[in-house]
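You will see two complexes here that share subunit A, one where it goes with subunit B and one where it goes with subunit C.
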Partner chain A sequence: MVLAQILLNGILLGGLYGLMALGMALVWGVLNIVNLSHGALIMLGGYTVYYLFTLAGIDPFVALPIAMVVMFAAGFALQWGLLNLVVRSKMLNTLLITFGLDVVLTFAAQLVFTADFRTINPSYAGANFPVLGLTVPVVRLAAFCVAVALAAGVWFLLNRMPLGRAIRATAQNLTAARLYGVNPRKLYAITFGIGAALAGAAGGLYGMISNLTPYMGASLTAKSFVIAIIGGLANPFNVILGGIFVGIAESLTALYIGPTYTDVISFGLLVVVLVVRPKRAVRAA
Partner chain B sequence: MKTSLTLALAALLSATALTGAAMADDIVLGASVQLTGTNANTGRYYRDAYQLTVDKINAAGGVKVGDKTYTLKLDLLDNQSDVNLSVRQYVQLVSADKVNFLLGPFASNFALSDSSVAEKYQIPMVQGGGASTQIFSRGYKYVFGTLPPADDYFASTIEMMGKLSPAPKTVALVSADDSFDVSVAKGTRKHLADAGVQIAVDQTYREGASDFSSILTQVKAANVDAILWTGHETEALNFIRQMKGLNVNPTGLSAFTVGVPTADFRKALGADANYAFGMTSWLPDASLKDRWFGDAAQFAAEYKAKFGYDPDYHAASGAADVQTFVEAIEKAGTLDPAKVRDAIAGISFDSLYAKVKYGENGQIVLPQVVVQIQDGNMVPVYATDFMTKPMYPVPAWDKR
Partner chain C sequence: MKRLILPLAVLVALALAFLPMVGSDTMVQFGINALLLATLAQSWNILGGFGGYVSFGNSVFYGLGTYGTAIAMTNYNLPFGVGLVIGVILAMIGAALVGLPILRLRGPYFAIATLGLNGAMMAIFSNLPIAGSNIGLVLPLARNDAMFYELALGLLVVCTLTVLWISRSRYGMGLIAIREDEDAAGVMGVNATLWKVSALVLASIFTAVAGGIHAYWSTFVDPASAFDSTLNVRMVIMCVFGGPGTVFGPVIGSFVLSAVYEVLAAQISTAAALLFGFVIVLAVVFMPRGLADVVKGGRAISWRYFIRNIRENRL
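On to the complex of A and B.
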């Protein structure tokens, strides 16, 4: 029974992990930018939902799409005004600039939001229900469903819609895409905006399960990175599966080896994946 | 013309240098504190307490050494919650800034590393942020601490548990893996064994962890009477929220080493904070008389008025560190580090924090008052006997 509950915990948590990584994988796959400020964007999304909930009294799940729109706009502006300047330069440059962005966003967040702990705490935050003797936390289940739904949305966008085809075409062959009238500058900004919107949704859900501080981003960036590699950059559902895989691995590690070793296992998995299937890390969209 | 310009520039530069450096009648206290980064939330208590106390002492006439009066100055650096940076900053404070004495950072792992700088340069450090007994078990002579030993944090809680009815018989001990919490867990195991309480689950987690669902599932399966938890405040927040989400209900109580006395913590949790037990080495009580602030209640009022939030034991401990130096310098009648160090070792004075007196190893010994959150307020429930009736046993989440 303990094992079943721990597997369930791992799956539910893994879904949210997958959503965190989804935005990073998309931006990485299409723009070839490893966005080191991805965790900071998750943090900003979390604060957006927090303030919509506490100041405007909007239910967090209703606030999620609003936060996604806000974060899309922020992401679009960042790519349009800043990252487009370096998008085709060496990877080191994009790493540096997103790292710098992470520092700026984090410390600006401390100035604006202070270092106080925040939790998004609607009345149902701790609600749960029993199924076959297992306890299912409502918010975690909802977060899992939102993650899967958003992954489906991204898949549909990339594979079935003209915008998605244009995004993939730009990633595969820039010259050919241009010949067909695609404006890469705009398309990059839209893609980064979608990535930021996904990060924003993940942040809001994270704030309901855990808590928000201006410094939460760094560890989430690292986790997203691991999952994006494990899940691959090609298919949104694989990213969610990658998240679930890491979630289960961490939960089982905590049960059988000890909770101090969860990071060792998740980053160890990264090494194993890179050794066994190095092609996975190669961009594709 | 060119020479005169250079001369003028040189004069200007040296003038700036003079105003920037410590004046001859200043006593400079150096510290590196977490003003930004993951520990900024608690680091601010030290920054604010140091500043308030220094200002208060200066306003009351400063420090008298022989027939000379000195003004206290603070040289405060931000270590960005990075231990390695904080060690470098302490080296900078003693070797480049040439501060007279050292105040401490927050948290045991910082104090553990930073205090080695004080010992090496033989500059006394009085720190109020590190409780781990590791800091004081190395035979250092220049390091003093105003937080009671981490090993004994749960001593009063376990004593109280014995007097509750029904008394908890089995506990789950959950601890982080950093210096402070390892020290707490080690001491708690011993105290539990002495009290004849069985440890059903004993789990250590990685510092900074945000998911406790695996540990909580094991705790739930073990059906324990009590949870004793030690770690950092953000982790405590996550733990309590996930306890509710996974419907984990110890039949007796759950107690936390940190978080409960912090106003911000109670605010973040809202009603879910109720019934949680915690501990504090300090309460803003008017019976604690103080030379500069009058008493602890007045200190708390002045602090709140100036900074806009309530002080907790971290702040009071930091204030006592500054006062220790003033008392010791006046007693020694000199600024000589070795002589001031000897004065600190033999000091004994009443303060807003406690009666300050350092043990052989340099650490203060104070009892922890057990507190509980009742209807959103922190209520002291037990010191050596019950002070208020605790709400016990704690009801299950769905019965609150």
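On to the complex of A and C.
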């Protein structure tokens, strides 16, 4: 029974992890930028929802789309004004610049939001209902549903809409896409914006389930990366599945080995995945 | 210009060696920190600058050096020198163990795999009773800042000489070949895995000694200070700012940034870290080949140089 409950928690949390990784996988697959500031964008999204909730009194789930729009604008501006300047240089440089960006965002957040732990705590935060003897927390279930819905949205965008076709074309061949009338600067900015918006949504949901601190970004970046590799960069639903896999692995570690070891496990998992499936990893990049 | 650099470096090193006799206590303490950081940046340069493999996990070797020294000195009452050796051996084993699986990964995969290293090590050490768990270890007191200063300076000199040797040797050429095109390097007979792992092990030696010196100097070690992830940030930034893949770039870069940081930290503490982030962002945009490239050839710094850098890399 305990095991079933742990598995359920892992699956619900894993859906959210998948959403975190979705934005990173999109940016990575299309722009060929491994965005090390992805976790910081998740953090910013979380704080946006937090302040919309505490200062403006907007329900967190209503605030979520607002935060996504805000984060889209921020991501668009970042790519347009800064990352487009270095996107053609070596991978080393794009890694370093997003790393620097992560430091800037983290410490700017520390200055503005202070280092206190924050939780988005709506009145229904503790609500749950029993199903087959298991306890289902309402907020976690809702977060899972939002994650799946957004993954479906990304799938629809990429496969059924002209913008998605342009994005996929650019990912395959930038020069050819350009010949067909795609403006790469704008398209890159839009793609990064979508990635940031997904990160923002993930941050808002994460803030309801866990704590927000300015420093939460680094570990979430690493986690997103693991999941993006496990799930691959092509299909949004696979990314969600990858997230569920990591969520379950973490929950089981916390139960059987001890909660302080979850970091060790996700790192170990990353190394195992990278070493066991290097072919696939190389192809993805 | 090129002929002048080496004698100039020797002169600067000699002049620095006399600092404890003339400088104030605070200056010597600032010097120890700056020299240790420069050593970290320089040793990061071996794999990161020459080999082109960005590691965000080198602070792990610093931590292993720190803990190796601390455990040997407090739990077994061994002298400092033996402690350092134990720390170095620990770090070398760690580097080989970590390097063998993850150095098979290329580019961003390696970089991200190293991101998790620090957290994982911290979790392990805060659960080890021999390392004082979460509480940490207190080392015997040694109030001799001049000695630590000379040790740190000596370490930096040895590290820089090693990098100088690398830059002129067949070994270094192999690393540069790996950075430029790993497949082509393999075709030319460079055993990439061996080269990369040995570069990481080499870097871990200097990093661990720096950690050991810092442990004995500060006389206190705990998981948060030994596995300080901001240390990674600093060593990478200092090396990249100065010029990755050059001999003196990382040293110059870290001296300049240490001084800037010191002045800023005295005025506004959190903003100093923020400024560091800005430095790395601007450095990547405007001088992707580092300060050393700007200075090289005595070129007068003009805005055209920066514009050209942007033009090369923008979309």
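Convention: the second predicted complex is superposed on the first by the 279 of 285 C-alpha atoms of A that agree within 3 Å, B and C clash if a C-alpha of one lies under 4 Å from a C-alpha of the other, contacts with A are read in each partner's own complex, and residues count from 1 in each chain.
As a working rule, a contact is a pair of C-beta atoms (placed from the backbone, for glycine too) under 8 Å apart; a residue touches a chain by one contact, two chains touch by 3 or more.
This is a predicted model, so every value here is computed, not measured.
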Overlay on subunit A: subunit C relative to subunit B, clash or fit: clash
Partner chain in contact with A:Cys145 - subunit B first, subunit C second, else both or neither: neither
Which of subunit B and subunit C A:Gln5 touches, first, second, both or neither: first
Contacts of A:Arg88 with subunit B and subunit C, given as first, second, both or neither: second
Partner chain in contact with A:Arg185 - subunit B first, subunit C second, else both or neither: second
Partner chain in contact with A:Thr260 - subunit B first, subunit C second, else both or neither: both
Subunit B versus subunit C as contact partner of A:Val131, first or second or both or neither: neither
Touching partner for A:Thr213 - first (subunit B), second (subunit C), both, neither: first
Partner chain in contact with A:Phe107 - subunit B first, subunit C second, else both or neither: both
Superposed model, subunit A: greater residue contact from subunit B or subunit C: C
Which of subunit B and subunit C A:Arg118 touches, first, second, both or neither: first
Subunit C region in steric overlap with subunit B, selected from 73-81, 163-171, 199-207 or 217-225: 217-225
Touching both subunit B and subunit C, residues of subunit A: 107, 110, 219, 260-261, 263
Complex contact set, residues of subunit A against subunit C: 34, 36, 82, 84-93, 95-97, 99-108, 110-111, 184-185, 188, 218-219, 221-222, 225, 229, 260-261, 263-264, 266-268, 270-271, 274-275, 278, 281-282, 285
Contacting residues of subunit A [partner subunit B, same complex]: 1-2, 5-6, 9-10, 13, 107, 110, 115-119, 121, 125-128, 135, 137-140, 209-211, 213, 215, 219, 250-251, 254-255, 258-263
Subunit C - residues contacting subunit A, complex: 52, 54, 56, 101-102, 104-109, 111-113, 115-117, 119-120, 122-124, 126-127, 229, 233, 236-237, 240, 270-271, 273-274, 276-281, 283-285, 288, 310, 312-315
In the complex, subunit B residues that touch subunit A: 36-38, 40-41, 44, 81, 177, 203-206, 208-215, 217-218, 220-221, 233-234, 237-238, 241-242, 244-247, 264-265, 267-270, 272, 397
